[in-house]
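The two complexes that follow have chain A in common; it is paired with chain B in the first and with chain C in the second.
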Partner chain A sequence: MTEPTPPTPDAPMRDVAALRRNIASRKRADKSFFISGALIIFVSLGILAVLFGNLLSEGWPALTQTYYTKADKSGFGRDDLGGEITRVGDGWTVQIPLATLSDIKDSDVSKGLVGKKVGIVGRLRGGAIPQIIVREIGLADQIAAADITGTLERTQTPPAKPGDEAEVVYNILPGPLAVNVDKIPAEEKSALVSGTPVAFKMDDRVKEGRFTARSVSPLITKNFFTSFPSRNPGEAGILSAWVGTLLVMLVTMLAAIPLGAAAGIYLEEYAPKNRLTSIIEINIANLAGVPSIIWGLMALGLFVYTLALGRSVLTAGLTLGLLVLPIVIIATREAIRSIPNTIREASIGLGATKWQTIRYHILPYSMPGILTGSIIAMSRAIGETAPLVTIGALTFIAFLPRSPIPPIQREISVEQQSTYDLAVAKDPSTPPPQPQLHFTGGEWLTSEFTVMPIQLFQWVSRPQLEFHQNAAATGVVLLAMTLTLNGLAIFLRFRLRRNLKW
Partner chain B sequence: MSGQRVKEFFIEGFLFIAGASSILITLGIVFVLLYETIPFFAWQSRALHLPEAVAGHTTVSAVLVRAGDEVVQGTPILEAAIVEDGARKSVQLVASQFTRINEINVKVGDSIARDTLVISADERVRFTDFFGDRLWAPVFDIPRFGIWSLITGTLVTTAVALMVAVPAGTISAIWLSEYCNPALREWIKPTLELLAAVPTVVYGYFALLVVTPLLQRLFGLVGYDLDGFNMLSAGLVMGIMIIPYIASLSEDAMRAVPMQMREGSYAMGATRFQTAVRVLIPAALSGMTAAYILAISRAVGETMIVALAAGLQSKFTLDPTESAATISAAIVQAVMGDLPHESTAYRAVFAAGLGLMIITLFFNIAGHMLRKRYREAY
Partner chain C sequence: MTATATPGNLKFTATPPTEVLGPVKARVKDFSFHYANGFQALKSINLSVAENQVTALIGPSGCGKSTLLRSFNRMHDLYARNRYHGEIILSPENINLVGPELDPIEIRMRVSMVFQKPNPFPKSIFENVAFGLRVRGERNKAYVNQRVEESLRGAALWDEVKDRLDQSGLALSGGQQQRLCIARALATDPEILLFDEPTAALDPISTTKVEDLVVELKKTVTIVIVTHNMQQAARVADYTAFMYLGELIEFDVTNKLFTTPTNPMTEQYLTGRFG
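On to the complex of A and B.
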């Protein structure tokens, strides 16, 4: 951009054309900046949309699939063959990806089969390109009980270095491969429709009639939410994870909101303007910037080992509670600060004490602001992963903690029973002990747990694509929760601004 | 009335404790980090109980130290002396780092006594190893504690993130504060802030499974084979994450610039762009710098994105296309395995954490002070 030359008094507007050019170029610069700014903002927002869309499309199968399985599921997961089922007359064929055959010796016999329709009895190893470990191979009509038939293909990769052997691979050509689906029990067959993706067990257990088919429903099914994590990605769900998240959030809320609100009230209403107060203020600003992993280390050293709380729901909840405490404090302070002094003066003028003023005026007016801050804090806490990984929550959890709603039971305790047993041995006429009330409500606090972000982390870290689907589905749920909480907070803030006019 | 006063007193006391709890929390963090870091660095002495060999001798020296497969003469044994503990005599060795030693031969008078050390929970690490070594591998057989490899990882991912976030965030801020109409801004700003609300583990997923394959394809076009874990993808995604931090804080700083300054500039015939670049940015500079600094602090401490997408193995490199661990990723990597409490590896994690804490604290305080300054300016 060129600087405009100031017109000198001697030659006013001597070069009008140059000035016009200058103005035009400055306007162009302005306009192009406007466009680039708008572009950047919309690209940023677009990335958010892409992120959500990608999670949704990747995670959709995990959210919608249902597994039909026979009773015995043991060992399932590694040997299955996935494809899409099509009804052909009375039978079924399955479109499966190109399968590589392992364990075929490059002999004259196998070379003779190339290009012919062959039948194979074998065991399938999963993966992006399934590998079939061949037990028996021959011309299709010679192998009666073939698991799979198709055309045999031989490829030879030239050696990487001179002197190495050429690598020979046998493949089954892609295409509709007839799988012997007659082994499917009738009641499960009825659940299948053309176009349903299915998974088969391909080892000889198929012949015993064990069969697993996966069907995808058009709507979200509850399976993903009601299943525990599993070795088999298709059956794995986030039951323990979402229950854990709810319980940890409960502790976090109970820890962060009262403490944060109290600290905020103190700093705004009571704190004298002195050194201590300013130290507290700077300190809170710094705490808000402490990386989350440091909170995890603090929890590991303090809660897990020094206070011996273990790797429990309580430890996790307290850690996240402290982590989001600055958010609650800052929100509370802002909410209180926006209340005009006239309210306080009016209350004190009527003879109310300081606490009465706070209790009956300041708190009710600042409540929406505190609430908004608390919601934002919870949405932050829900997605925190690093501190929980640090306290060692990265374990396989396939159980639920005891319910936090105390089940009140009338039970005879072990001690009562043993005392009674001893007494009866001496005096058979001893009356049996009365059942006493038992509260088992607190046990969940010390239980081990997993939460959704950790489940997501574990699934992303695994190599299998199916686990990545589960991870994406967990991401959808997690993101939906976070965005809902944030949306709620934004909505509340809008409402607040509209309704409150001092 | 006095009952009310007592009640008020206790309430005020409780509220004060709540307010002061933040200091207790900070002290807790610092205490935990120091509690584990100090013994990590402290020198240690280890007594070899060799009563028969020691009997009747007064001089002692370490003659052979085997660390791993290599024989180290002299160092790292700093001192060797005979200690009498009641009737029992033992050889006291002061070493900087027992971690690497698995065999020591001690010469007592004329005879040579031998002790094979097992890696114990009492090993200590030298400052020179911490700052001199170029590899971080606390759980190796012969552990290495070079923090620099983690610092380079942190540096590279942060730099990549800033290269995305600083231009994008600044331009967004100018656009939002100067170009956007206020009604639209009310919508765009909170929506943009959602980018910062997305859980970082979701971003990690995004970096590893969406951005990395995309980059691999792009790099493939020019014939470069990009690693499945690389700092570039982690840094880019982290940059997207911190855009709202920069945009939001810079925008606040720009809006704090008084209207008269803008009006003066417009009256001189400047365009909005010229006003933004020559008037607003200089006026809002301290606030914008605060935004950048807080964004740096955020990027330095970010964990899940780098742990998932940049890899967990430390590497001394400044090449963003390689995989390397950051400080935070190294902590995650270490705690994911089952670390025995009070082992050197366990303490190493805290030492790394203390380093991270000091770095972010520095940036946070700087950012806080700058923000205070721009608030006072107008």
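On to the complex of A and C.
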């Protein structure tokens, strides 16, 4: 032990001021990075908010609104309702006077509807002479975008002279309708002053001298999902698109998840760590970055031409499956890598085989990661357009593929019948064949299809504004689907990982 | 056999291993081990593991204790290109544990291991213990239930967990988790039980419990234990092997090794002058 030495008087003084200057200058760098970083984040968030806001404000009305046309007096058709547009605050409303519906028969049914909210449906259907059917709203799913709704009123004028029949008139009293005039061209908007006569067109033809805008109409949302695409933007819906998306995603899921998980497990648990494996590993990461249209080209060559699978749901599902396979593989591998080696050693150490270790430990513990990755992959696939256009997805489909849930039928097959025919010819006492079970569930796979993003693209490429709003609405639905999937992924991640902490 | 190990400026010679008194369970013969990167972690080890006795492996960090222990149940096979040389002969059949002809799965069913860090599966306490039986296809529920209870009793854990067997094994305290791992290793009724610093992550009370357990368990099973704690080796082990830089320096009855080591290097280590 040495004695502590007394301080030397000429020991150099530490320059505290310089120290502080040094700190201040380093902190300045800190601060400027913080400010620029925060700025970038806020600007990006702002841009994002504007983009989403735009999409929502464009798309939301399409889910809830229908069309009306401004009409010159002469333009009123038999089925049109005239009204006056009025400015109310920032918006516009149209007050429609009584519409006389003399075609309605004075029956018990009609009387029963008096005072109820009703809709007139079927005006666009039925060919040259429009057919008018009044239904009670709520009972009537058939109320379509372009239909009129309001309260039914019955007036009975006493007969002019005794002996004549009383004249019965049914009126529909629509409520005032809020009108969104944002889409009206500026020069026409200036002419749009209170009192401008407008008409609700029941016709899809947009005549010259009219412009179209939207009015709030009470119940339409459901129709958007239950209608096929149509030449009439007010009637057009995304039925074939969302069904197509669902079916294609089903195939994609069935192809990508088992394959991707198996590949990931093989690479992590079985593959020898050699040069070939590392080349494969690098290329899986590369594959994830291949432009999706290239996948479309490859699929066109492989599935459509070589394997002759057609431009079908199956081809589309497999193409998207291949496209997202790398994502599933990478997610699986990451999930597996996060399992500590001590778990493998514990399992192997108890005499488990490699497969038992995978089956009882690796797979269950990596399941949250695999599922999360798979859902992310699905939400990527759901929005893919380019590869599907390349393999020839149709843009206008007014039919649905057959249901993928196998309808099980009992029927006598052609072979059974012909065997029976032969046998009966020889021996008339042969018992008739028994009907056998047949699964006819595979047809949807070979069906033609369209999907949401393609429907969206098709509408956007049309000149009419109404279609653009339909496109935006499709965008909203697609976005909602994707966000739901991502939400599910986040939920699963938290939920399933809760009891897996090493 | 000469050792080239030279701590500081001392040069010592390894003492030839002493034979054990009773029956031998496993005999390590000229055993060397190379890791995948070519590093030789064990150099020509000769050692006898006495049946139903506790054999402790001590020595400074990195001397190869874990490497030797993990050779007993072929844990090194999990990682490619690790190489064994020499033999570890298991009685009574006189089979070579590290021979390529022997299925490592058979060895692991006969030689169980408890690791330094408690590593229960993120499953229920019951399933943790039953796993070894499950993998061999045991379907008899009554038997599995009975073995789980016996093993948990054997690991002195039964009273603490008997009411919550369906709870996650991860919900137990560190000491309980380690005893759960011991129960898991006992469930398959192994012939040899390997412990790699089983109390390194435990508090003194849990440590005492595990130590008592080790002494209790040797009635039914042969035990090899790696420890850094000299007092622990003195308390639980019948035989102790001192290793240094991949070599076995001295092996003897614990009492003798601790009181009158023949090799000066052992003495230096025991008195805390290196390691």
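What we mean here is this: the second predicted complex is superposed on the first by the 270 of 502 C-alpha atoms of A that agree within 3 Å, B and C clash if a C-alpha of one lies under 4 Å from a C-alpha of the other, contacts with A are read in each partner's own complex, and residues count from 1 in each chain.
Please note the rule applied: contacts are C-beta pairs under 8 Å (C-beta built on N, C-alpha and C of every residue); 3 or more make two chains touch, one makes a residue touch a chain.
The shown structure was predicted, so the numbers you read here are calculated from the model rather than taken from an experiment.
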Partners on chain A (chain B, chain C) - clash or fit
fit
Does the superposition put A:392 against chain B (first), chain C (second), both, or neither?
first
Once the shared chain is lined up, is A:342 touching chain B (first), chain C (second), both, or neither of them?
second
For A:21, select first, second, both or neither according to whether it touches chain B, chain C, the two together, or no partner.
neither
If you stack the two complexes on chain A, which partner ends up touching A:279: first (chain B), second (chain C), both, or neither?
first
Does chain A have more residues touched by chain B or by chain C?
B
So in the superposed three-chain picture, is A:353 touching just chain B, just chain C, both, or none of them (first/second/both/neither)?
both
Should A:462 be classified as contacting the first partner (chain B), the second (chain C), both, or neither?
neither
Counting only touches as set out at the top, which of chain B and chain C does A:495 meet: first, second, both, neither?
neither
Nearest Cα pair across chain B and chain C, whole Å
10
Quick check on my understanding: which residues of chain A belong to both its chain B contact set and its chain C contact set?
353
How about chain C: which of its residues touch chain A in the complex?
73, 75, 78, 80, 105-106, 108-109, 112-113, 115, 117, 119-122, 131-132, 134-136, 168, 170, 181, 184-185, 188
In their shared complex, chain A is touched by residues of chain B numbered 4-5, 7-8, 11-12, 14-16, 18-23, 25-26, 28-29, 32-33, 35-36, 168, 171-172, 174-176, 179, 188, 190-195, 197-206, 208-210, 240, 243, 269, 271-274, 276, 294, 297-298, 300-304, 307-308, 328, 331-332, 335-336, 338, 341, 349-350, 353, 356-357, 360-361, 363-365, 367-368
Where on chain A is chain B touching in the complex?
4, 26-27, 29-30, 33-34, 36-38, 40-41, 44-45, 47-48, 50-51, 54-55, 58, 259, 262-263, 265-267, 270-271, 276, 279-280, 282-287, 289-298, 300-302, 305-306, 322, 325-326, 329, 353-355, 379-380, 382-386, 389-390, 392, 394, 453, 456-457, 460-461, 468, 471-472, 475, 478-479, 482-483, 486, 490
Which stretch or stretches of chain A touch chain C in the complex?
272-273, 340-353, 356, 360-361, 365, 499-501
